[in-house]
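Here the chain labels run A, B and C in written order, and each chain numbers its own residues starting at 1.
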Amino acid sequence: MRVGLFIPCYVDQFYPQVGIATLELLEKFGCEVVYPPNQTCCGQPMANSGFEHLTKGCNDLFIKNFEEFDYIVSPSGSCVLHIKEHLHGEGVAAHLHGDGGDRSTKGEGHSGGRGTTIPRKIYEFVEFLTDVLKVENLEASFPYRVGIHQSCHGQRGLKLAQMSELMAPGFSKPEKLLKMVKGIQLINLIRGDECCGFGGTFCVAEEAVSVKMGKDRVADHLHNGAEYITGADMSCLMHMEGILHRQKSTVQVRHIAEILNSQL
Amino acid sequence: MSSSRDKILATVKGNQPEQRALPELPVAAGAAAPGAAGTDHSGAFISMLESIGGSAYLVSGYERIATILREQYPRVGRIISGCPELAVIAETGERYADPHVLEDVGLAVLRAHFGVAENGACWITEDRMIERALPFIAQHLALVIRCQDIVVDMHAAYEWIEKYVPAASGEGGADSYGFATFIAGPSKTADIEQSLVLGAHGPRSLIVFLIDEGLSDAGFY
Amino acid sequence: MKGKDHAALADEFNKDEPRVNWHDETLWWVRQKRDKAAHKVPEWEELREMASRIKDNVLSNLSEYLQQFEAAATANGITIHWAADAAEHNAIVLSILRRHEVDKMVKSKSMLTEECHLNEFLLAQGIDVVDTDLGERVVQLAGEPPSHIVLPCIHKKKEEIGEIFHEHLGTPKGNADPQFLTHAARLHLREKFLTRRVALTGVNFAVAETGEFVVCTNEGNADMGAHLADVHIASMGIEKIIPLRKHLGVFLRLLTRSATGQPITTYSSHFKKPRPGQEMHVVFVDNGRSTHLGRTDFRSSLKCIRCAACFNTCPVYRRSGGHSYHTAVAGPIGSILAPNLDREKYADLPFASTLCGSCSNVCPVKIDIHEQLYKWRQVIVQGGTAPFAKKAAMKTMNWVLSNPSVYHGAGKAGRWFMLNAPFTVNNGLNPWYKQRDMPGVPKESFGEWYKKNKK
């Protein structure tokens, strides 16, 4: 199967090792992985700030780069959720604009001129491993105490793990994979799925609350003895890492792809 | 010139979304006729009532109720009851022209219709309240139900109200009351730093007596 | 004159970190109580689905249900009034008071009357209104609006409440015991109930089938007011209608568990007819609801039963407090209702969120709150209310991200600056940097690595 690798813009620029780990793991599991070099961004930072109408360029570029693949995989729950929910081709019932009172099938935020199958075949990295590749074991080793941060879009949007709000059976795809890693000790948290406060431009527009939320998440992990904080979204981890470094903490963040790909 | 009513209704009608059907409600469990044989919910009811700050007593009848009330409220002052059987300890059979005269009532003892196991509530209609204000203005409140008159949940409760709760006039069902309420435990508040305090503006305590005619009195006197 | 927005108010709120921790922990505890109660109801998720569908049916038949309620209630001796907006609601209440030559009244909790600023209006007309819900009385004495629709003074510590009561009720200075203070309030408000002839309550649910309405309280204050008054006025938003009485079974099972974790409030009072000799009035209030009903994306916010579960779960609300939303109904639901009332004044609220989605999943009537927050952002920005700097920044971002070569260049340049001239980003102008370090700078981007190693 041909997998198109989508690397979020901030991972590309600041955390290339996450992209490398993702790529290596997918290849280990037998995928033919291609990284289209002209990719940039999914458009979420603009859309979440109310500028969905400016994302046409991003959307067109995304479709151009990725339409041909059997699957598109990305180490980012929020980017994948955004693409799934907001990447539309013409002719598909679109987001309502204006006063929210009329239905329109056209709009600046949608790729003009073509439909797309991408929303149906794009997967976040963890769910690709559990649901498509059906990974049952890993040759990985990470003998440390690790706290899992359940990023909101991945958890509540992509259903990577059960959310505490619902009265429903528990499950966690990230945890399932991490448990395959030799030597790992997963810690319990006091608040298992509270938001870290990154939230896109929220992290600077509402800096005080954003940081407070991040500090509280970090404190939960520290209180429970984490040596590493992991998760499926580097944006959350980047935010918590910024706080950890400011606190001069020895606790580090690692994207789940890095842990699943790590050797002794 | 159209009134506000006309304008509001016209705008609402114009903006209503397309029809969405009502869902099926759960089949009310345990909504059998009063007194019918079935699951006994009194244990669950008592446990729930106690967890919300109320007290419960299983009793054989009104003599036992009178005894317990004398013990629990020795200095409560004025007692008013809707149960003629309690004339020995309470004002019964009176009507009051003005609810304000009930201001000094220490204890009201009233018959309720049934209890609800899932939340410890009792349903009472105004014809059993003597005055609407009484169950709220009394410092303490006691309600009396038959121990077999307990439904499992609120769906069953509304089925009972629909089918079995009689009006003062003796007719049944839906249109029978001008005022009615579910009372679940004593009045309370947690508005001050989430500290639960029993006794806000309504009664400071609540007892529910569950009459079980099969109980024997031996050993209580 | 533009007031401070949520971000500025939240920033002030966060200056006292221990207090934020206290506020956050208190409300998180209420969320946990909700979870505990919901876990005890095996069919909880089915109940939410039922409640959601009942309310969908209400919205699609609202005009019929309003008329059905009006007919039934009128036949039972209740007088129905229709208020197009807040001003009309307030005028109706005043006219009833004037007709009875009354200048003192008691009021139990009604967020609708907060929305209409009824208290201020009546005060200006020489009417003394006493709020009888304990939390509401506290904030009334303190001269503040409530910060939470169910727990009005959750932002106040008991010592502060003790001070307020000492000043206004004469309780001993320094007494902060909740039991003692509640009892003091009981005595103080009992006198009001006994001496005032007009009581105003809210409405939790109005049943179209029978013309009765239900008022839920733990304190019994709505009942103490109504049953001692000559006149009972009940104010309700037109969306509070439900079709059948048996639907109360669904809503009363969900409401208080969602709100406080209790299985039910102490009192769930069903008002159908006035007491003999009493006047009972119900005021239907529109105030923008009929317009909102026409918005495909946003109308479902009218399903709200005002339980505040969304407040308690919201990590932003818990760390910014209700007053940061500068509106009567705060929190997540407030953030999607308020822009309907005033697009400009409340343009900041849909952005006071990380879109984490917790709110939508505790909502007993399944309002897609976090999705509406996202959609309001689009409406607000396209309506032109975004600040110029933000618009410019976004346009730039769009250009960069639509052009791969520009993106690659910008990324490389950005990393160069961060590595070689870190002071350009590590400074006071960079809001990220205030309390967080910037991410480290790798020697090459993923794209550069891939080009070198895999192509």
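Here is the rule we use: a residue touches a chain if its C-beta (ideal position, glycine included) is under 8 Å from a C-beta of that chain, and two chains touch if they have at least 3 such contacts.
Everything quoted here is computed from the prediction, not taken from an experiment.
When each chain is reduced to the average of its Cα atoms, B sits farthest from subunit A. In this view the innermost chain, defined by its CA centroid being closest to the centroid of all protein CA atoms, is C. Work out the mean CA point of subunit B and of subunit C, and you get 30 Å between them. Mean C-alpha position of subunit A lies 53 Å from that of subunit B. Residue positions of subunit C touching 2 or more other chains, listed in rising order: 294, 296.
Across the interface of their complex, subunit C is touched by residues 7, 9-20, 23, 35, 37-41, 43, 45-55, 57-58, 60-61, 95-103, 152-153, 156-157, 163-168, 191, 193-195, 197-200, 202-216, 238-239, 241-243, 245-246 of subunit A.
Those residues of subunit B that touch subunit C in the shared complex are 3-5, 7-9, 11-23, 25-26, 28, 48, 52, 99-100, 103, 118-121, 131-133, 135-137, 153-155, 157-159, 161-162, 174-175, 177-195, 197, 199-203.
Residues 26, 29-30, 43, 46, 49-50, 53-54, 56-57, 59-63, 66-67, 76, 82-84, 88, 132-135, 138, 151-154, 156-158, 161, 178-179, 181-183, 185-186, 189-190, 193-194, 210, 218-221, 223-224, 226-228, 238, 243-250, 252-253, 260, 262-275, 284, 286, 290-291, 293-294, 296, 299 of subunit C are the ones touching subunit B in the complex.
Note for the complex: subunit C touches subunit A at residues 6-7, 10-11, 13-14, 17, 20, 24, 28, 35, 38-39, 41-42, 44-45, 294-298, 313, 315-316, 319-320, 351-358, 361-362, 374-375, 377-382, 386, 390-391, 394-395, 397-404, 407, 411, 414-415, 431-432, 434-442, 444-451, 454-455.
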